[in-house]
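There's a structure below that I have some questions on.
Naming follows writing order (A, B, C and D), and every chain is counted from residue 1.
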Amino acid sequence: MKHSAFSNLGSFLLGGNHSVTSPASPQAHQINGIWWLMFWVCGAAFVLTMLSMAGAIWRRRKAIEVDHARDSRRAAFVALASGIVVVVLFVFLVASAVGMKKTEYIETRNALTIQIIGHQWWWEIIYNDPVPSQIVTTANEIHVPVGKPVLILTSSRDVIHSFWAPNLNGKRDLIPGYQTAFWIQADHPGVYRGQCAEFCGHQHAHMGFEVIADPAGKYEQWKAAQILPAKEPEDDVKRHGREVFLSHPCVMCHTIRGTDAGSRVGPDLTHLASRGTIAAGTLKNTTGNLAGWIMNSQSIKPGNHMPSMSLQPDDLQALLAYLGSLQ
Amino acid sequence: MLQGLERPSERPSLDISDLKHTAFGIRSLVWWGTFGLIVIEGTMFAIVVASYFYLRTRTTEWPPGVANPTLWPGTVNLLIFLASAVPNQWLKRSAEQLNLGAVRIGLLIVSLVAVLNLAIRIFEFPALQCKWDTNAYGSVVWTLLGLHTIHLLTDAYDTWVLTALMFFGPIQRKRFVDVSENADYWWFVVLTWIPIYLVIYWVPRWL
Amino acid sequence: MKRLYFIVIGFVALLLASCEREQRRFQQGAPSTDTSQSHASMDEIYPGGARPPSNVANVYEENAYMVSEGKRLYEQYNCVGCHFHGGGGIGPPLMDADWIYGGEPQNIHDTIVEGRPNGMPSFRGKIPDQQVWEITAYVRSMSGLLRKDVAPGRSDDMSIKKPEESQKPEPPKK
Amino acid sequence: MNPVDTKPIERSATDELLQLAETWREPPGFWGWFRCVHHQTIGKRYIVTAFIFFLLGGILAALMRMQLIRPENRFLGPDLYNQIFTMHGTTMMFLFAVPMMFEALAVYLVPLMVGTRNIAFPRLNAYSYYLYLFGAIMVWVALLTNTGPDAGWFSYVPLSGPGFAPGKRVDFWAQMITFTEVSALAVAVEIVVTVFKLRAPGMSLNRLPMMVWAETIVSFLVIFAMPAIMLSSSMLILDRLVSTHFFNPAEGGDALLYQHLFWFFGHPEVYIIFIPGLGIVSTIVATFSRRHIFGYMVLVLSLIATGFLGFGVWVHHMFATGIAGMGRSFFSAASMMISIPTTVQIFCWLATLWGGKLNIKLPLLWIFGFFFVLVMGGLTGVMLGVIPVDIQVHDTYFVVAHFHYVLIGGAVFPLFGGFYYWFPKITGRMLNHTLGNWHFWLFSIGFNMTFFPMHSLGLKGMPRRIYTYQPEMGWTTLNRIATFGAGLMFIAVLLFLINVFWSRRRGVVAGENPWGAGTLEWATSSPPPPYNFVELPTVNGREAVWDAAPNQPVVRGLRTDMREVLATNVLDADPDHKELMPEPTIWPFLAALATTFLFIASIFTPWGLVWGLFPVAVTMTGWFWPKGKDKVNQEIVEAEDAARA
């Protein structure tokens, strides 16, 4: 009982699938270790300082006179304490260097390479392949195989963003004009949330993504499905939905591979229905949310680049049915 | 406003009534003020130059896509600047000797030299062979040259006002301090031109 | 005293002007009340002659954010593909004083919505009306028709033309 | 030093004092307000103005906390929230912290502490104040007309650049920087010259009060750091207005250049705010321990070391950009090293407390608060110096917590302590003790309630600068606690305001030296007369009042019918020569108006820069040209000098 209250408090203060202190990768483990080392050492330093301040208040507020006599002893104390601080800082520095080495060297051997491009306010994710037809483009949802190093190449098309999935590694800025590389590796299957960490304009708050770590087999399945073009609609409603998509503003920005829609302004929707969230991790991908998003995107994410649509109810239903079929 | 009236005045004193007013050089307040200003502006120049070299590292070709700056206007200005050091230093010395006649002549010379500098400066901007909005190289060299021109212009203006003052205004010892400090500032304008000249005109040829 | 009065009025007017310039309107109706059905129809228009200018004022032309959105859409909807950055190419140039189909906001709006012969496609239904007006405002900024404090500055790409804010005004000739 | 004449001089004290008061009297009336050049007047204006901006910045903070009290709140939209958080940071850093900790305190206190009658270059001082005021008003009027800058107080490109920040919002931000930095640079020069040249005889450099050391070192930091931000904001505005390409990667520019320049200023900026706080702490600790500060030389060297190292750590704001490895290790090491001097200072203060006889009054209470808050903030700062931890918590609420602990702990806590400490000097009356206690405890509890949970929020992944968050993130409760804490702080500050307004009229009369303190500002009446000291003091030790010899001489021989001050030499403060300080004048105000016209006009057209130069040149010439009483007095004293020679 007591234990569970304590761990409840712990998860209230620290835990979650979007947390520095619930590491799920070698790098995050390493950083978590350094964090706790520093936490305890710094905590002790804080307590000692406060105790010596309290001691001074306690002893000296009733003092009858100023005490210069023991100043030389105090000098020794100051020198000693400062020396200890220097040593502790040196230990931290070594921990930092070691941690950096572990978190930052780039693991390229049999690594999976993913290119991540930041946009105002969503993430474009590209699984590159020498064969153009094998390239997978998706958005806001990164699938990785468990236990395999993933090399991430970052860049940005507009302003600076920062890619950060705290359970997996520290953040990395996406800077226009620069391409940088770093790597993550998930130890366990799971869904790890991430979010943009560099202020990027109106919808900086709603620029999330998910990293989904799957066992190798499941990952391959997912990837094979993603390579395929969009499914042909199998009934009239969905066919009408596709018509709606192609004759309305949707087509100006989105791609659905296998149709005439090929614009790269917004996220690739070829396999929209396979994703867990929409609007960059803002809403669960349900039909209701999708309808709300299409009709009223500007009230959900004010200022984002998708205009709110005005569609007839029939058209909307057909469009939803079509989008819902894009597994 | 009579607080402190009741203070006993029966204290020993340090009598300073014999001290003089105004001093030259490091003793004067104005020298330290000018010095502060020079440090600030010098830092500013240093940071623009650092930005220049930083931008240099961001591209392979330098100057990128434009021709090297034409040498003559900057070089002529450099020579004039260097030559101006002589009358300027003479002006400074004359001011410290409170020699009004010499100061008036010196101020006239330096004022005219400044006009000459400014006139040639007009040719320096086209000599850069690019505009400020051509590319980042253009932006930084224009800024560097522009910033130096602002200093040249302010010191020129300051010199003109001082010249007017020494001819038409009240002649005071304090004004000679101002002349002397103005000469120091001219030194600053001259000395900063040397590295800036090298950066603008020669670094594109060397790097 | 009277002068002070004028100064105050002028200052307030300036502030109000800046208010409009700085609005970020994410969702709202387009300038004219009923433009979803365009005034233009194909049989009325012919190259070389403009419609009589309509009196619909494009309030977006007072709004820097809307104009910059127009600029973004102009690139993203690939208007650059034909008109380039205003200098023209496949399509006519947009930064000069010549307007084949009229240079008033309503004319440009209609041109985008209806399309024009010889290549300009119709974007009816594909571009929401608010965005059409944004693009319209931007197109007019390319020939310097907007206030300088509203027109966009340079973008983060190759500097192939002057930014709209430093474009000399080119009032429509026709 | 000149030989000391030990004979008391017979003089008609009343006549001389009347004359002195008349000479140094500030001009009365409405127009007189614009002509004042005395450091006390300007200093008080700085204090009041900066405090008003503290309150305004606080209101913005309260609005943000209201917005974040629950997930997906619709109280402020993203556009307004972005303006508000940008203006909160901008106001607190540029319009409150630097003007208050540096300009206000230095301008008011330093001339009193070094024992002179006015600051060096008093007209420049007035000019700097008006520039600060006009710049601050400009950016706040912009906010109130929905033109508030919205790209963050750091205004990173390209988000703040021409492509992504349409309108004039960011231009106003960039020009506000120019206003406030010109102002700070001017004050920095004045303070350096005042400290180097106008000290009381006998106050050699190794006897400077700690507060004066702090403000002097800060002056140097300002001189070397502020040009970087003036330049980066100018490059930004040039990119926006005349299409330069400093930050455009497509034309050879670079977005990271902006960050380098900004943080080359931005980190020393933290120390510009923090070092005066350390000066206040040293002052208050010594006074209320009733003994000389322990380790004076060590403290001074620590301040200097902090100032130096402050320039070597800027890249730790950029660890997440992925720039090269070796450089980062260097900056990581420097970032940890910089905590050493501050740690040493904390130990020295503890040693002072242990060796003193404590007089626990409100100022000291705030210093105890400072210890608690600053040590916590400093320790999280060390954590942030470790790169692997930094790249995790960088740009999260952990950092928000960290720098509020450091800045509020390192500046606002000492500042409130300083308010309680110097209020009697400035107004002649003590602040109320009971209200003061409520203020302290509510503020401290509210502060920790607001910012402590933010450490947790950061570790739980909450990024900075988000206008809202989703309910499933699990950040709601902690945010709610923080908002309630902010409410407590708000009430505490209101109590402080009530206390100030009440005590100013009805507080206990303070007398010359209510705390029994040792520095020179306490050697004159409260409030000090416009001439600061009836007779300029001489100094015999680090705490001039405590260490004065029984027969400590005073300076005699300064004229009472002119604004005359004594200039001393740099190292030993031996009397050197006399200087006349300028009379009240309207020209600095006019020059500031002209400069304001130049700065604001150039936001709208590059030609503003050209046309604006003319009024500036005219007003500057008017300022410089000798005339009136200044001219006449100068001629009189120079004639006398000549006669004497």
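The rule is simple: a contact is a pair of C-beta atoms (placed from the backbone, for glycine too) under 8 Å apart; a residue touches a chain by one contact, two chains touch by 3 or more.
The structure presented is a predicted model; accordingly, all values stated were derived computationally and were not measured.
Two chain pairs are in question, A-D and C-D; the one with more C-beta pairs in contact is A-D. Among the chains present, the centre nearest to the common Cα mean is that of D.
Seen from the C-alpha centroid of subunit B, the farthest chain centroid is that of A.
Between subunit A and subunit C the centroid-to-centroid distance comes to 39 Å (mean Cα coordinates, whole Å).
Each chain gets a centre from the mean of its Cα atoms; for subunit B and subunit C, those two points are 48 Å apart.
Residue numbers of subunit A whose C-beta contacts span two or more other chains: 176, 202, 302-303. Across the assembly, subunit B contributes 133-135 as residues in contact with two or more other chains. The set of subunit C residues that touch two or more partner chains comprises 24, 26, 154, 156, 159. Taken together, the touching pairs give a contact graph of some other shape, not a line, ring, star or complete one.
The set of touching chain pairs reads A-C, A-D, B-C, B-D, C-D, using the touch definition from the header. Per the touch definition, subunit C reaches subunit D in the complex via residues 15-16, 18-19, 21-24, 26, 64-65, 67-68, 148-150, 152-159, 162-163, 165-166. Within the complex formed with subunit C, the subunit B residues making contact are 133-135. Chain contact summary for the complex, subunit A toward subunit C: residues 176, 202, 247-249, 251-253, 263, 265, 298-299, 302-303, 305, 307-310. Here subunit C touches subunit B in the complex through residues 154, 159, going by the rule given at the top. Contacts from subunit D toward subunit C in the complex involve residues 79, 141-142, 145-147, 158, 161-163, 166-169, 239-243, 245, 247-251, 604-605.
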